[in-house]
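Both of the next two complexes hold subunit A, though its partner changes from subunit B to subunit C.
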Partner chain A sequence: MSATRVDPPRETAREQSAPSSTARAARYLMVVRELGVLAVLLLLILITYATNSRFLSEQSVRDLLLGAAILVILAVGQTLVIVTRNVDLSVGSLVGLIAFGTGKLLLEYPGAPIIVAILAGMLAGAFFGALNGALVALAKVPALVITLGTLYIYRSIDHLWASGQQINAADMPAGFLDFGRSAGILGIPWLAWIALIVVAVATFYMRSYRSGRELYAIGSDPDAARLSGIPSGRRVFGVFAINGALAGLAGVLYAARYGTLDATVGTGLELEVVAAAVIGGVAIFGGSGTVYGAALGALLLTTIDSALPVLRVDAFWQQAFVGALILAAIGFDRLLSVRLARRMKSRRTHVV
Partner chain B sequence: MSSDVAGRRDSTRLSMLRGVVGSWEFALLVILAVTLVGSELWVDNFANTITVTFLLLDVVPIALMATALTLVVITGEIDLSVASMLGLTSAVMGQLWFSGMTLEFAIVLCILLGAVLGAVNGLFVAGLGLPSLAVTIGTLALYRGLSYVVLGDRAVADFPFDWTDRAISTIGGTGVPVAVIPTVALAILFGITLHSTPIGRALFAMGNNEDTARFSGISVAWTKFWLFVASGVMSSLAGVFWTFRYASARADNGFGLELAVVAAVLLGGVSIFGGRGSLFGVLTAVVLLATLQRTLQLASVTDEVLNLVTGSLLILSVVVPNIVQMINDRIRRPGAPVPEAAP
Partner chain C sequence: MTSDSPGESGTAPLLTLTEVHKTFGAVRALRGVDLALYSGEAHALVGENGAGKSTLVKILAGAHRPDDGDMSLDGKPLALSGPADARDAGIAVIYQEPTLFPDLSVAENIFMGRQPQRRLRRIDGQAMHRQCADLFDRLGVSLDPHRPARGLSIADQQLVEIAKALSFDARILIMDEPTAALSGVEVERLFAVVRSLCDAGSAVLFVSHRLDEVFELCKRVTVLRDGAWVSTDPTADLTPDQVIRRMVGREVSAMYPKQDATIGDPVLEVRDLARLGAFEDISFSVRSGEIVALAGLVGAGRSEVARAIFGVDRYDRGSVLVNGKRLSAGRPAAAMKAGLALVPEDRRQQGLVMELSVERNANLTHRWALSRFGWLSRRTERASARQWTDLLRVKTSTVTAPVSTLSGGNQQKTVLAKWLATEPQVLIVDEPTRGIDVGTKAEVHRLLSELAGRGVAVLMVSSELPEVLGMADRVLVMHEGRLTGEIDRSEADEESVMFAATGRQEAAS
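Presenting the complex of A and B:
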C-alpha cells in the first residue's frame, strides 16, 4: 500500500508533464491487472473447451451465465463499498432475507408483475443497506464490525421469519421461474442482461461522475478527502444503500433462478463476493479497482466452479484452488504496485 | 498543602475507580453476572453441573482461537483463517489415525501443521507486506479446501474411547472439564505476555502506530510473523480438542466459526484498528456468548435468537461508547461547539 504513495504537491510543482505520464503509466498498469484476470479466464475456458467441446455448448454457457449473474451483481456493489475503504459483510444474509421475502411476496400475490418483485426487493435491500450505512457513517465505527453485526442480525430475522419452513419451486408462479431461467434477447439469459446493465451503469458512474470519482478519493485518503470538501459521510452512506439495493436485486434473482428457498440461502456468500472483488484487482483498503475488474473476478470464480468437473479435477479441490487464486491475485497486485512506484521514482529523478 | 495532596490523591483514586467502573470489561462482567443470575432464577436445569460442563466445553475451542486472535487484532491485523486451520487440523488428524499412526504422534504432527499454516499467513502478511484481511480470506478458502482434499466427504469417527472420554472428562464432581486447565494456562501465558512484558507493549505500540513502533526498534515484521504462527498453533490445538470432543474428524469441522471468534474478540473491547483491548475482556465475552447460547437452548428458544443477540451486542459495543462520548462532550461544555463533531 505504502509503496504506491506519492507526493502530489511536489510532483505538480516541479513538472507539468510528469504527472500525466505517470498517470498514464498507472492507468496502463491497472489495465494490465484486469487483462490478467481476463487472460486467466480465457485460458481456463480454452483448456476446458479443448478437453470437452460441450463446455461451450449453448446449454452450459447459459448455465454459466445464470450462475455468474448473481455473483457479478454482488461484486459490483461490494466494489463500490470497498473502494471507499469499507466492506459490507452482511450481503450474504441480505440476499437470503430478500430471496425469502420475494418468495413470500409471490406466494401471497402470484399475479404480481416481475418488475414489482424486483423493485420491492431492491427497496427492501436499500433500506437494510442504508441501516448499515447510517451505523457506519454516523457512529464512525469501522464497517467490518458493523456489518459483521448486521450479518448475524439479518440472518436471524430471516430464520425467525422462515421458522423452519421452506418455499418450494412448485408453489412459485411459473412466469417468475421462467424469467429466472430462460434466454432473452440474443439468446442471453435475462439475468445475465441485468448483470451486464448493472456493470455498465456502475462503470460509467465510477468513471465519469464527480461523486463516483469522489469514492476513490475517500478510499485513498479519507482525511484528505474530507479536507477537500468531499461529503464523505453522505457518500459512504449512499454507497451502502446502493450496495444494499444491489444485494436486494441479487436476492430477487436468486429466488427466480432457484425457486426453492429456505433461511440458509446465501450463507457464506459474503466471503465469495469479497474474494471476487480482490481477484478482480480491487484493493482491500480502498482507493483503487474497477467495477468490471470485480465482475471479471466473479465470472472467473463461477467458471472455475463449472470447469473443474469437466477437467475431471476432483470437486474437493475447488475451494483450495480459489484460495490459491486469491493469494496469487493479491501477490500480483503487490508486484504491480512496487513496479509502478519504481517507475514513478525513476521518472521523477529523470526530470530533475 | 497536605490536604491538597490528599485531595488530589482522592481524586486520582476516584478517577481510577471511575475508569474501572466505566470500562467496557466491567460492563461485560455486569452483563455476564446478570445473565448468570437471571438464568439460574428463571431457566430450569441451568444451575447444575451438566450445564457447567457443556457450557465450558463450548468455551474451550473458541477461547483458544480468540486468545491468539486478540494479540493479532491488537497489532492492527486480523486472521480470518482460524476456523479453517481448525478444520484442516481435524481432517489431517483423522486421516493420520485412519492410516494407522498413533494418536500421540498424530497430535504432535497436527500442532506442527498449525505452526506451518500460521507461518504461511505470517509470510504473506509480514514478509510480503500484504493486507492480512485479504490474505486470510485467501487462506480461509485454501485451508478449508485442503481439508476437503485430505478427507473428502468422509468422516473418521473410530477414535479410541479413552481419548474421546478424556476430552469431555471433568475435574472431580465440579463439572468443570479437564480441558479448561490447559486453556486457562495458555490464556494466562498470553495475558501476561500481552499486559506485562515488553513484547506486549510492543504489540500495543504496533497497533497504535506501526511507523513509530518500527523507529523505536521493534522488529514489526518478525513480531507479526510469530503472532500468526501462534494463531495457527492455537487453532490446531482447538482442532485437536474439537476432534476428540465430538469424536469425529470431518472436513467441515468448525465451518464458519471464524466469524464467531472475531465477534467475541471485538465484543471483548478490542479495537479493530489495533492498539486497544485486553485479553480479560475477550475471555469474558467468550464466556458471555457461550452462557447466552446455553441459556437460550435450555429455555428452548431457537438458536437464531442467539445470532440476533450476538449481532446486536456487537453493534451496541461499538456504537454506545461513541454516543456516551458525544453526550459527555455536550454536557461538559454546554453551548460550546463540540470538537470533532463536524463531519
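Presenting the complex of A and C:
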C-alpha cells in the first residue's frame, strides 16, 4: 500500500497542466460551431458567384439582406426562448397579425412617423408574447403545446380582423415603403441595420449581464436553477415578452418591405425561425448556443433561398436541401459534444 | 479521530431548529425535530431512509417551508422563503448529486447570479475567473475555472459546490450524503476541506449513513427516526452499534426474518457478462433456495447487470444460463418463459401502470395464461388478483382502485404480486424496499424469505447494508462495473462489504 502511494506534488502538477488544455479545447470547439456555419455560408456564396457573377451585384446583395433581416430578428428572439429550454411557435402568426395591424394603422394615419409604427408594433408584440409567457409560467405545460395553441389563436384573430380583405402596397404611405426598401448608411438597407443592432444588443446582453447568463442556467438545468435561487418564472416570462416584441418588430418591417398584406402573412415562418436557430448551433434542449450563431443560420437559410435558383437547382429540391442542412447541423453538434465528452472523460480517469 | 475541542460550552449555537414539523399530504415527514449547530463543529445527521433527513435539509435550503416550529440564526428568528434567502443567510447546501449547470463554465457555476460587475453592471469576466482561481487555491483544488462543468467527476462537482459556498462566505454548510459516490482518496480530500472549514469557524451538517465516516469526521451526532428527533450526543460517547439501534429503534436481527432454506443446484448462472461502459467480467450463480445480494454503491452498475440478465438491456459479451440452458440476450419475453422475474428499481416508471387498477396491474404479466382463446374474463381476472393481493396483504379499498392511489409500500407489493403470479424460478428484485415504511419492509423481507424457502432463487440488488447483511446467504459486491467481492453470510459484515464496494480491497472469493 505504502509503495503505491501517490506523490502529491507530482499529481498536482499533472492535474494543473491538463485541465487548462481541455478548457481551451472546449472553448475552441464552441467557437468552431459558429465558424462552421460561416464557412458553409461563404462556400455557398463563392460557388454561386462562380456560377453567376451577378449574384453579388449590388441589387441582389441588397435583396438578400432585406430578406434576411426579418428572419434574423426572429431568430434572435427565438434563441432567447430556446436557450431557456422553451420554444415559441406562435411567432409566424404574430408577424402576420402585427404586419396587418401596421398596415391598418398606416391606412388610418398615413402621416404617422415610422418610429411610432415600430413602437406600436413592438408593444403589441410584447403583449402577445407576454400572454404566451404567462401561460407557460402558470399552466406548467410545455411551451411547445401552449404556443402551438396561440399559433392558431393569433392566426384566427388575424383572419377575423382582415375578414378576407387585402391591404395593397399602393395604398400605403410612400415614405414607409421607402424605408422598407432603401439603403441607409454605407449603402446597407435600414432593415439590415436594425437586424444588426438587434443581434449586437442581444449578444452583449446574453454574454455580459447576470440575467442573460441566468437564461443559459435555466435551460442547462431547470432544477439546479431553482435551487440556486434564480427567478426562473420571471426570466422565462420576460424572454417570451421580448421575443414577442421582436416578432412585432419583424411584423412592422415585413409591412414596410412588402406593403401588400393579407391574413396569410408569415404562415409557416415559425418553423423556418426554429430551423435557423438549430442550424446556427442553438441546442434545442436549451443551455447553449449564441444569438449570432442563430443570426448566421438565418442568413444561411435566406442565402440558400436565393442561391439555389441561380445554381439552377429545381425548387423541388430546396426544402430537401434545407432539411439535409438541419440534419447535418445536428450531426455536427453531436460529433462535437461526443469529442468534448471523450476529452473530459479521459482526463477524469487520470485524476483518480 | 477526535478533533480538539473548540469550547462550545458557553457559546450560543449558530443555528437552531425547535419543534419543526412538515407534512406532505398524508405523510408526516418531520414531527418536532430539534437541532442546534455550533460554529466550528461538524455535526452528523443520521437515520434510515425515510427518517426525514432530506426533508430537513430541504427546509434549511429554503426549498421547503416548515409547517410549524422555529428556526433561528445567531439568536434571531430565521424565515426562508426560497433558496435565495438561504444563500443570503449564509447557508449552503451540497446535494448528493450536485446541481451544476453542465453547459456553463466552472467559474460561472460558482458565481451565477452574483458575478462581479464592472461599469454599466456588466459582468467582469476576468475578475470572476481570478476570484474563482483564488477559491480553488484556498481549497487546494486544481480545477480550471474556464472549463465547462459537464464531465466533472462527482467529487470535483462537490468541490465546485464547496467553492460556491466559500464564495458567499457561507457559515453553515449542509452536505447531503456527500460521500456516497466518492472513492477513498476523494473522501479523504473532502474531509480535509471540511476540517479546514470548521477550523475557520463554519458549522457543517453532515448527512450520511456511513457510520465510520460519521465517527471519523463529526463531533456530535443527531439521530432521526420516522420523522422524529431521537437523540443528540457527542460521538465520543457512542458506539456505532448504539447509533444503529437508535436509528432502527429495535434490534437489527428482528427486522430480517431470514429463514433457513435448503439450498439446491444452481438455477441462474451468469458467465463473463459485459457491456461496454457499464460492467465487465460479471460471473456468478444463484442456486435454488438461495438469496444472493448484489451490493455496492450507487452507480456501481448493479441495476444494469440485473436488467441485462432479464433482457431489458443488451450486453456485449458473456452468457446467461437458466437451468443450464442459455438464454437469448435482449428478450424479456424469453426470460419470463424460462422462469425469470424482475421487480425493477423504479416502480413508478418501470414496474406499474399507474392509471390502471390494482387487479389489472397484478395480472399484467400472466394475462395470456388467464385468458381463453385470447378472451380475458372479468371473473378469472379478479379471482387471480385477489389470490395474490391477499397473500401479500396489499392494503387497498378495492382491487379496482388505480394503483396511483396506493401508498409506496402497497405499490411495491402490487409489483411483487404481478411477478409472483408468473411463479418464477428466479426472482430478481432491485431495491425491493426503497422508500417504503418500516412495517411493509419487514413484510417484503418475510416474503422474499418464504419464496427462497419454497426453492426460488432470489437475486436482490440493495443499497441498504443492514438489509443485505440480514437477508443474503451470499453477498456479491460491485465497484465501478466489476465484481470486487463475494462474501459468505458467515463472513459478511459492514466492513467487508463496504471495503469491496469502495474498491479499496480486491476480496478473493
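Going forward, the second predicted complex is superposed on the first by the 325 of 352 C-alpha atoms of A that agree within 3 Å, B and C clash if a C-alpha of one lies under 4 Å from a C-alpha of the other, contacts with A are read in each partner's own complex, and residues count from 1 in each chain.
In the analysis below, a contact is a pair of C-beta atoms (placed from the backbone, for glycine too) under 8 Å apart; a residue touches a chain by one contact, two chains touch by 3 or more.
The structure presented is a predicted model; accordingly, all values stated were derived computationally and were not measured.
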Request  = Classify the contacts of A:Leu107 with the two partner chains as first (subunit B alone), second (subunit C alone), both, or neither.
outcome  = neither
Message = A:Ser208 in the overlay: touching subunit B, subunit C, both, or neither? Say first, second, both or neither.
response = second
Task = Would you sort A:Val145 into first (subunit B), second (subunit C), both or neither based on which partner it touches?
result = first
Inquiry  = According to the stated criteria, A:Ile47 is in contact with first (subunit B), second (subunit C), both, or neither; which is it?
reply    = neither
Message = Tell me which partner touches more residues of subunit A in the superposed arrangement, subunit B or subunit C.
response = B
Task = Name the contact category of A:Leu35: first (subunit B only), second (subunit C only), both, or neither.
result = neither
Message = Looking at A:Leu227 after the superposition, I want to know if it touches subunit B, subunit C, both of them or none. Which is it: first, second, both, neither?
response = second
Message = Which partner chains sit in contact with A:Ser288 here, subunit B, subunit C, both or neither? Use first/second/both/neither.
response = second
Note = Both partners, subunit B and subunit C, contact subunit A at residues 226
Parts of subunit B lying in touch with subunit A, wherever the complex brings them together = 124, 128-131, 133-135, 137-146, 148-149, 152-153, 251, 256, 259, 262-263, 266, 272-273, 302, 304-308, 310-312, 314-315, 318-319, 322-323, 343
Request  = Flag every residue of subunit A that touches subunit B in the complex, lowest number first.
outcome  = 1, 87, 135, 139-142, 144-146, 148-153, 155-157, 159-160, 163, 226, 231-233, 263, 267-268, 271, 274-275, 278, 284-285, 314, 316-324, 326-327, 330-331, 334
Remark   = In the complex, the residues of subunit A that touch subunit C are 12, 15-16, 19-20, 22-24, 26-27, 207-210, 213-214, 216-217, 219-221, 223-230, 283, 287-288, 340-341, 344-345, 347-348, 351-352
Ask   = Hey, which residues of subunit C end up touching subunit A in the complex?
value = 61-63, 82-87, 93, 95, 99-105, 108, 112-115, 117, 121-123, 142-144, 146-148, 150-153, 156, 183, 185-186
